[in-house]
Amino acid sequence: MTSATRTLQIHPDRCTGCKQCELACSWVQTGTFQPSRSLIRVHVFDEEASFAPYTCFQCDEAWCMQACPVNAIDVEPDTQAKVVIDDVCVGCGLCVIACPFGTMFFDRGSHTAEKCDLCADDPACVHACPTAAIEYVEADPVGWISAFGEKVDAGRRDSLKGEL
Amino acid sequence: MTRHVILGGGPAGIHAVETIRQLDTEADVTLVCDEAPCARMVLPYHLAGTIAPGTLFTTDDAWALEHQVALEIGCRAHRIDAAAHRIELDDGRSLDYDRLLVATGSSPARPPIEGLDSPRVVDMWTVADAGTFLEQDPKDVVIVGAGFIGLVILDALIKRGCRVRFLEIASVILPRMLDANAAGLISAHLANKGIEILTGEALSQIEDTGSGCRLTLAGGDTLDCDLVVMATGIHANRGFLEGAGIATDAGILVDDHLRTTDPAIFAAGDVAEGPDLLTGGHAVHAIQPTAIDHGRIAGANMAGLDAAYSGSLAMNVLHTQALESCSFGRWSPEGMESTGLSNPGAGIHRQYIWEDDRLVGGSLVGPTAAVSGANDAGMLKGLVQTGISLGTWKDYLKDHPLDLRRVYVASGAPKALLSSNLLTGRASTGGGYRFPPRPPKRPRSTHHAVLVTR
Amino acid sequence: MLKGWTGTLLRVDLTNGNIEREAVREDWARDFAGGRGIAARYLSEEVDARVDPLAPANSIIFATGPLTGTNSSTGARYMVVTKGPLTNCMTTSNSGGLWGPELKFAGYDLLILEGRSPAPVYLWIHDEAVELRSAEHLWGKGVFETEDRVKEETGFPDTRVTTIGPAGENLVKYAAIVNDKFRAAGRSGVGAVMGSKNLKAIAVRGTGAVEVADPAGLMQAQWAQKHALTQAPLTSEGLPGYGTLALMNVVNEHGALPTRNFQQAQFEGAEEISGERLVETRLQTNKACFACTIACGRVSKVSEEGQGRYTLNTSPRNWREATEGPEYENAWSLGADCGIDDLDLILKANTLCNDLGLDPITLGATIAAAMELYEDGVLTDKEVGMPLPFGSGEALIALTEKTASREGFGDLLAEGSKRMGDALGRPDVFMGVKGQEFPAYDPRAIQGMGLGYATSNRGACHLRAYTISAEMLGVGDAEGPESPVGKGELAAAFQNVSTAVDATGLCLFLTFGVGLDEIAPLMAAATGHPYTPAELELAGERIWNLERVWNMQAGITAADDTLPKRMLEQPIPAGPTKGQTSRLAEMLPDYYAARGWSEDGHPSQEKLRALGLG
Amino acid sequence: MPTARFLGIQLRKLAGGTELSLEGDTVGKLLEALIAKAGPEMEHLLFSEGGLSRDARILKNGRNIGLLDALATPLEQRDTVTVYFFGSRSYPGG
């Protein structure tokens, strides 16, 4: 993680699954409410009572950026966000399958790839979250996603125990 | 000062150049390429006319200047004198190297059929091929070969207003990307859109009629069209290696540092047979993501870094008339345990291929909202790529094939992925082979201001 | 067309499988504001009020509001409007979750479903593509399994499903329609109407957009709305913290918690089934419906002690230990009203209701009435098939399942407590209005609430005029709960406002934090029509009168605006409200006057003309 | 002594129990005794707005003291005072 850059730090224990972040994100993308275009997606895992917004980690490897055949993805210098340059992107979809986090999307309307660009250092989802489950701070995202994964995993294992 | 020679200006070569340059600002770097380096994945969009021609090319003088690369464009390697560390070019010149990268890629493989020399019969492999096609501006096209290369240009041709028919010798389409069920679903979808796919049909002859082409099939039937696109496969460009003493099999054999059996020679991309992530053996994966991985790993090692490659993963993504498909790793369930769901009526297919409790492959077919508009394509890749043991989650995914997200999060794959990267802990930097000046800073959307103002 | 609306409705004739898209009438959209209103307008235009609710000639309408699918807090709601088999009145059952917004994103404001399919089907809406598919293989399946299987058949992880369970198929008079597994259009038997049409489920995947007229205005209004919700203790702390179950101890302390079929008004076991107890021992997290910044939903697990006794594997494919709920009303009906103080058992029964597609309020109340009959000796072990004293959790669980399948005694329970009481010669055990059972507030203890029940267009309902806040919680300057003074006007005003809120696509709970002053700017900015608070309230009144007129055509008269004898004549026996009865007779004339209706409860021609209904 | 009963987990924690016996011959006196025992945070909660907080609800034997004599409502030994917080803006019209 490049120092002094901020990431979207998620607090799954605060998330209620309301999807206000999806509404805000899609609003920023389209000027309408269209969650199918949101670049942040809320996972609602009821059985484990675990909810969390989920979006690009702005990972070091930048699989999407590396896979792009036309360099339509670049690193924004101020934020270290990996951003899609719309008029360069041809829409081949390679980034979508290269990203092992599932946070690259393809928009059928514009035929271009879309990803979280941290709203140029002022993420709208952070504004919209009513419970401060999304914060924009200096932090390593490995922490929250690991703990969240463990919780979801444990929920399943516990419940399996009950079935035996 | 180390002399690096890179043969081939495809993605493997370009990424190698850039990686070398990032690690060693002093080295001497020469790139040899028979045509101006371009991005082959972009050809369909060039055909469709939806992009600026400049987008095709991946280098220019400014790039060469910025990266201090000597560009040798318009020539090919003719022979390697491995003992002398010298490469002879087809224009009679020769270059000495300390480290050589063979990234010469592949070329279309043409079947032995009469009439292929007609100008109305084109491959779709180079910018020049596309130029030949665009000059003739055909309205009725037969594509010979319904594999990835043939199908990837379909949308572009439809957009140009072409009638498109496919001729495929095998009984199914996309045999190297999807299993028969999934492929059948795409065939049916295309048939519904009025696109003919003639499978199980061998081509015996092509005749230039002066105004078009007449194709004669093995059974005697004929097809008339304006132009034929040959898309019957590719073969690696490695003829010039004969006698160089480098071990080859399906491609040039390389170790996990992308080094051939000659320690001064590396190979990358379509021409290389490198580590296979899934099997631990070797494989040729002639795809863009592998070429890039290869180029970066080879470049890093050529520049003196000790970067080991865990192996390449086959993957493909295809848009065919609003139906999307993608596959990762093992695409064929033959002899494997596979689970998933299939709903041909809705154009929906999901397949997970297992080895014990690990995903070793899978595929998704469906509308955008089900494939690349969801998190699932990438997550499937992440699970195959990490090869993480899913334990009891395997049973869950069998029962709930749509609920990949939960399995992915619980698997710990994101943690594993965030904690590793290709070049031994070095973060990727932007820039790449981008042409200066760099694109402007991405502005905030105008809707953003409306939302956040209180 | 007004923005906020998609402008399109989908009309499906199940008899012949015709599916048509139609433009929504803009004048109706404007005047009836949305959801509950415009659906009532279409129903009144298209369906004869005297229709048998379970006949093909009845239609069932699913309607969203202009704010459904926007980022206005609580913009999640959809309404199911039809003639209800429990009440024979127009019913308007409301649900949250994710389904309603998804319908909007698919491009439809309303679905109008007509006729009866010759065989079980489900409707699959994927944006413009709409088809009816066979549901033969789903018939008989519970809600949870149906949702999972339908979702899989559509192939989209984000498909939303609203469905009936076995109860709806078996035409249980109070079968619910359940979406997202735990959100229900619960009351009046809307699920039976769906079942009567052989329609098992409606699956929706919408990838489109909801557009608004004045983005800047909407953003300003929604921030103001959300800010107000964070300032009001109930929407910022009470509901997120305890859910609606916050009310259990409160209502009990006030002596208004109906107990053992309204034989008492305080329950000694209230603390055991309270929000406090749920939070301390069973709550996993709170959960929001789409766009809701309150998040009153409960995700709960049975307690450590309850484990093993009450496994919640009601469906092998789905829910494990965690479940949702219970809401206050359900914890009351399945708990206090049946004399049951075991929260684990209530969780199990509530989960069963969700899976089987039953309205837990009427179910619990009907079983409570049966318990009274059992204790009175009218029902015996033989008839019921088991002992049925108050407090019997075993009986509650067993009879819940038997009701959904109409097996044995369940067949009579499936008719609701009014028909059951009539059949057994004890009509006095029915505690409700117009065939529908009361919810969880004793109308003797809270006078305005009794008036609201009596005059509700869909039978007894707490959501038509929630005067609790004004009367019991001492907000505003209304008279106290024991006083009939001013309650006519109060109930009418609450009814109008609640109806307007229901029309917008927002959730009524929001009114614990904001009023029409905050809602009108949202509506104006979203639609582009300059709604004022007064105009919205007027729309509420218009809708209310429309429902009333239609109900009167269906045969409802002022005589139906009444309460059971027990409420009118039998005083509360003990507790803070000891000695109180409902003083309905004193309040009704005030109410009719406040409404501008005749003394016999007919909307006057003058009133109807003023509302544009004449 | 009259009994004070508390609803809500936070309030119970602050008060030190679900039910307490507290001195006081009026509701006001009883609340003073409660504050003396529970501390300034309780005072802040109950009386933050000059008088009784808008969202505080005090019942004497189930009757809202707002409908009785407010803080002056007299108490006898066997009376129960219920304290809870339940806020709401009135609607309609607001």
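Labels for the chains are A, B, C and D, by order of writing; each one numbers its residues from 1.
Keep this in mind: contacts are C-beta pairs under 8 Å (C-beta built on N, C-alpha and C of every residue); 3 or more make two chains touch, one makes a residue touch a chain.
This structure is a prediction, so every number in the text was calculated from the model and none was measured.
Looking at chain C and chain D, no chain is in contact with each of them. Each step here moves to a touching chain, and the least such steps from chain A to chain D number 2. Centrality by Cα centroid goes to chain A. Highest inter-chain contact count (C-beta pairs) belongs to A-B. If each chain is reduced to the centroid of its CA atoms, chain A and chain B end up 26 Å from each other. One inter-chain figure worth recording: chain B and chain C are separated by 55 Å, centre to centre, where each centre is the mean of the chain's CA atoms. Centroid to centroid, with C-alpha atoms defining each point, chain A and chain C lie 36 Å apart. Taking each chain's centre as the average of its CA atoms, chain B and chain D sit 73 Å apart. In chain B, 367-369, 373-374, 376, 405, 447, 451 are the positions where the chain touches two or more neighbouring chains simultaneously. Residue positions 24, 27, 30-31, 36, 48, 128 of chain A each touch two or more of the other chains.
Shown for chain D are the residues in touch with two or more other chains, of which there are none. Taken pairwise by the contact criterion, the protein chains fit none of the simple patterns, being neither a path, a ring, a star nor fully connected. Working note: touching chain pairs come out as A-B, A-C, B-C, C-D. On chain C, the positions that touch chain A within their shared complex are 69-71, 73, 98, 101, 105, 158, 181-182, 206-212, 215, 226, 230, 240, 284-293, 295, 297, 299, 301, 307, 311, 313, 318-322, 324.
Residues 228, 232-234, 237-238, 241-242, 246, 249-250, 253-255, 271, 276, 279-280, 469-470, 472-476, 480, 493-494, 496-497, 511-517, 533, 537, 575-577 of chain C are the ones touching chain D in the complex. Against chain C, the residues of chain A that register as touching in their complex are 13, 16-20, 23-24, 26-27, 30-37, 44, 46-51, 128, 130-131, 155, 158-159, 162-163. Taken in their complex, chain A has these residues touching chain B: 1-2, 24, 27-31, 36, 41, 43, 45, 48, 52, 54, 57, 59-62, 65-67, 69-71, 73-78, 82-83, 85, 88, 90-94, 96-108, 111, 117, 119-120, 122, 124, 127-128, 141-142, 145-146, 148-150, 152-153, 156-157, 160. On the side of chain B, the complex with chain C involves touching residues 341, 343, 346, 348-350, 366-370, 373-374, 376, 399-405, 447, 450-451, 453-454.
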